[in-house]
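All chains are identified by letter, namely A, B and C, in their written order; residue positions are counted from 1 within each chain.
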Amino acid sequence: MKPLLTVKGLVRSYRDGKTVVPSVKGVSFTIGEGECVGLVGESGSGKSTVGRLLLALEKPDQGEVLWQGEPLTALGSRAMRQIRRQVQVVFQDPAAALNDRLPVWRSVMEPLDNYPDVCPFFLAGVRQSRKACAAKLFEMVGLQQEQLDRYPHELSGGQQQRVCLARGISLGPKLLICDEPTSGLDVTVQAGVLKLLKRLQRELGMSYLFISHDIAAVMQMSDRILVMRDGRIVDRFASGCMFNSSRHAYTKMLVMASQ
Amino acid sequence: MLVLVRRRLLQLVIVLFGLSVITFVLMKLAPGDPVLSILRIDEVAVTQADEEAVREKLGFNKPFLLQYGEWLLRVLKLDLGSSYVNGTPVLTLLSSRLPLTLQLTAGAIVVMLALAIPLGLLAARYPGRWPDHLCRIFALLGASIPNFLLGLLLIYFLSYRLGWLPTMGTGGIRHMILPSVTLGFALAAVYSRLLRSGLLDSLAQPYIRAARARGIAGWRVVLLHALRPALLPMLAVFGMSLGSMLAGSVVVEMLYAWPGIGSLAVDAVFQRDYPVIQGYVLLTGAFVIIVNLVVDVCYGLLDPRISFGKGDLQ
Amino acid sequence: MIRICHTLWKSAIAPGPFVMLGATALAFLIALMLAAPWLAPHDPLVVQMADRLQPPSLTYPLGTDHMGRCVLSRLLLGMQSTLGVALLVMVTVALIGVPLGMLSGYIGGRLDSFLMRVLDGAGALPEFVVAIATAGFLGPSLGNLLVAIVWVKWIGYARTARGVVLSERKKEYIQAAQTAGSGTWTVLRRHLVRQVLSPVLVIGALDVGKIMLIISMMSYLGLGAQPPAPEWGAMLNEGRPYFQTEPQLMLYPGLAICLAAACFNLIGEGLRDRLDKRGGLR
């Protein structure tokens, strides 16, 4: 598989008063085209930081991120902007990830408004009308047309997360980073969102980095799984090999804990 | 705690420095030549030589920064110059008038407390009922009525029509009543609302509900348990009210011919008596800044929830 | 403008009865202010010494003042220099303070610590002292007074805007916007302006009342609008010598100030209550 994204030796720490707290201590992996990579770990293991580093919301202290072989740090702002649209995100808390003062369709259209010349194949024919684009995206994530003009607080958590998902796919990205996309949702709603994620990946040919502490969800979604602990990747394997005896002790512990 | 005090002290120095620069620059920007104003006091014909001599004496020929430095040194030694109008040292003028303004302010605070605490208590005890509405209307009135109008109404009805109280000047306690009410009224409105919301907040706390569950009822809960924490936010705002109180005191002093520093300042503005204006601005400015510092520190001492150090900038 | 109002209405604050009452009264006052040149029966500046201190009559519905000027006309046209100017000052001050505060809060770093210093420094002085200083050194006039008010008042708006931006900036929708390719300006314009708008509206409404009071107070002291301008506070000042015999000369403008200030306070307080309930403030 051709690597879409390569991460080499990422290090990132935060400052808390006078002490420096390392969050990510040297993480390397690749994500292939069309592949879904799961990143599992307990809270505080640094997995969300990895997500933010990939989104270029933060800069790594050391190490680099290569996009199709090119280091992000070496890019000018214009080239960076072109790559940025290829990597989109769905966050954990959909209520916080939507501006509560904007009708949801405006949030969905935000990426497309910023890139007026981008037209992914599924929006061909409706791209000239913003409302029609939003309607099409709503349809793709299983939301009703009447919900376009709603405000976030008028929707349920699952619906809000679908709105975020619509925003995440709107530019037809090559990589979607899902940072605990189902953790804030009811168990019954989780299954629906996971199924939707799976279907969209197939239809749009996206790669996923699926970050979660829920090993069952990760296994259901991913082709390959990385296990992270204290800022390092301690285990990596194809998801079919989850129960192999050669698994790292920590992985076994996570599996045990989830059953 | 020490960190807070140290940072605030540093800030105090910066702000006082800013105050001095602004005052000095404004003074220099002022239209009219102070040299001529000084010479005109004597009402004799002004010669070129006289003018030069005064200019030299006041140091107006020196470079700007040097002038500022010398001026600042003098101010630090509490030498605020003398009035252009009658030659009295500004410090003497201010210190002879300040006690009266403080007396007036104290009176206003008494009136404020006497009105605000009962109203706030009543409103919080019966939220949504008529005492609460009364308090709300009172607050609206207090925030909307200009103090000069209130003062005029009081004078017209209580002094002029009914002849109960003297209209102007200083004297016994009877002279204090109208000015204090005029000054304290608007503040009472603000503080009664503050007290009400503070009380309602603390009444909603779990330990109050626990006290209620133990059977401690009604007024006892409000007075014994809820009042103390509710007074704290009032203290925090007090520093800010001082500014409006000073503003109010000017109007009140003019209205009731009360010879405090406010009326001194207004007279000085009309007579272009720049040293006096400067003295007033420096004095009141420094006063407000220092009181705010003290209030902040007290607030920090009284409220253990406030964290000192890094977090409290925001 | 209409869109902003609509957004506010739907997303932030469906106004309660107090706000409605205040807003209706205010709309009426503003209509009066705009129509004043046609409604006023007389020229507010024309002196008719023969008609001085007249009681109310058909020609002079509210009587005349000590120089025979029509009190009603002066009240009507005085609105512009009291209510109108206060509104204008509030808008100016908001336009200075809000963008600065938002930018400083969003960008942070050196700009922010510099602005904080300025805010602490300039905000330490009560507006009234600054007003006396400008009136004292630069001469008493309405213009100088307005400069002093603007100098002090923008700080509150910068503080509020900065505070809102600081708390909103941490939320994930800002990160989502950045991932979506929105630059600093876009984030500020698309996301943060509407978050800042409602708290600013609250302090704005309350401030207009305060600004009006301080303008009229300074004018009453003779340090603001100068006679013969028909500013309400200045009218009170001019009526002072006739206080015992003709109290209405001071009562009418005084009540007018009170009424207008009450409108703004009603609106501001009402909006604040709604915002507090939604947890929008603080």
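Quick notes
Rule of thumb we're sticking to: contacts are C-beta pairs under 8 Å (C-beta built on N, C-alpha and C of every residue); 3 or more make two chains touch, one makes a residue touch a chain.
None of the values given here were measured: they were computed from a predicted structure.
Fewest steps needed to get from chain A to chain B, stepping only to touching chains, is 2.
When every chain is represented by the mean of its C-alpha atoms, the one lying closest to the mean of all protein C-alpha atoms is C.
Farthest from chain B, judged by the mean position of CA atoms in each chain, is A. Centroids of chain A and chain B (each the mean of its C-alpha atoms) stand 56 Å apart.
Put simply, the C-alpha centre of chain A and that of chain C have 48 angstrom between them.
Here the spacing of chain B and chain C, counted between their Cα centres, is 22 Å. Interface residues of chain B, counted against chain C in their complex, comprise 11, 14-15, 18-19, 22-23, 26-27, 29-31, 139-141, 143-149, 152-153, 155-156, 160, 242-244, 246-247, 250-251, 254, 265-266, 268-270, 274, 277, 280-281, 284-285, 288-289, 292, 313-314. On chain C, the positions that touch chain A within their shared complex are 7, 10-12, 171-173, 175-182, 186, 190-191, 194-195. Taken in their complex, chain C has these residues touching chain B: 116-117, 120-122, 124-129, 132-140, 163, 166, 209, 213-214, 216-217, 220-223, 233, 236, 243-244, 247, 250-251, 254-255, 257-259, 261-262, 265-266, 269. Those residues of chain A that touch chain C in the shared complex are 52, 55, 57, 81, 84-85, 87-89, 91-93, 96-102, 107, 110-111, 114-115, 151, 164, 167, 171.
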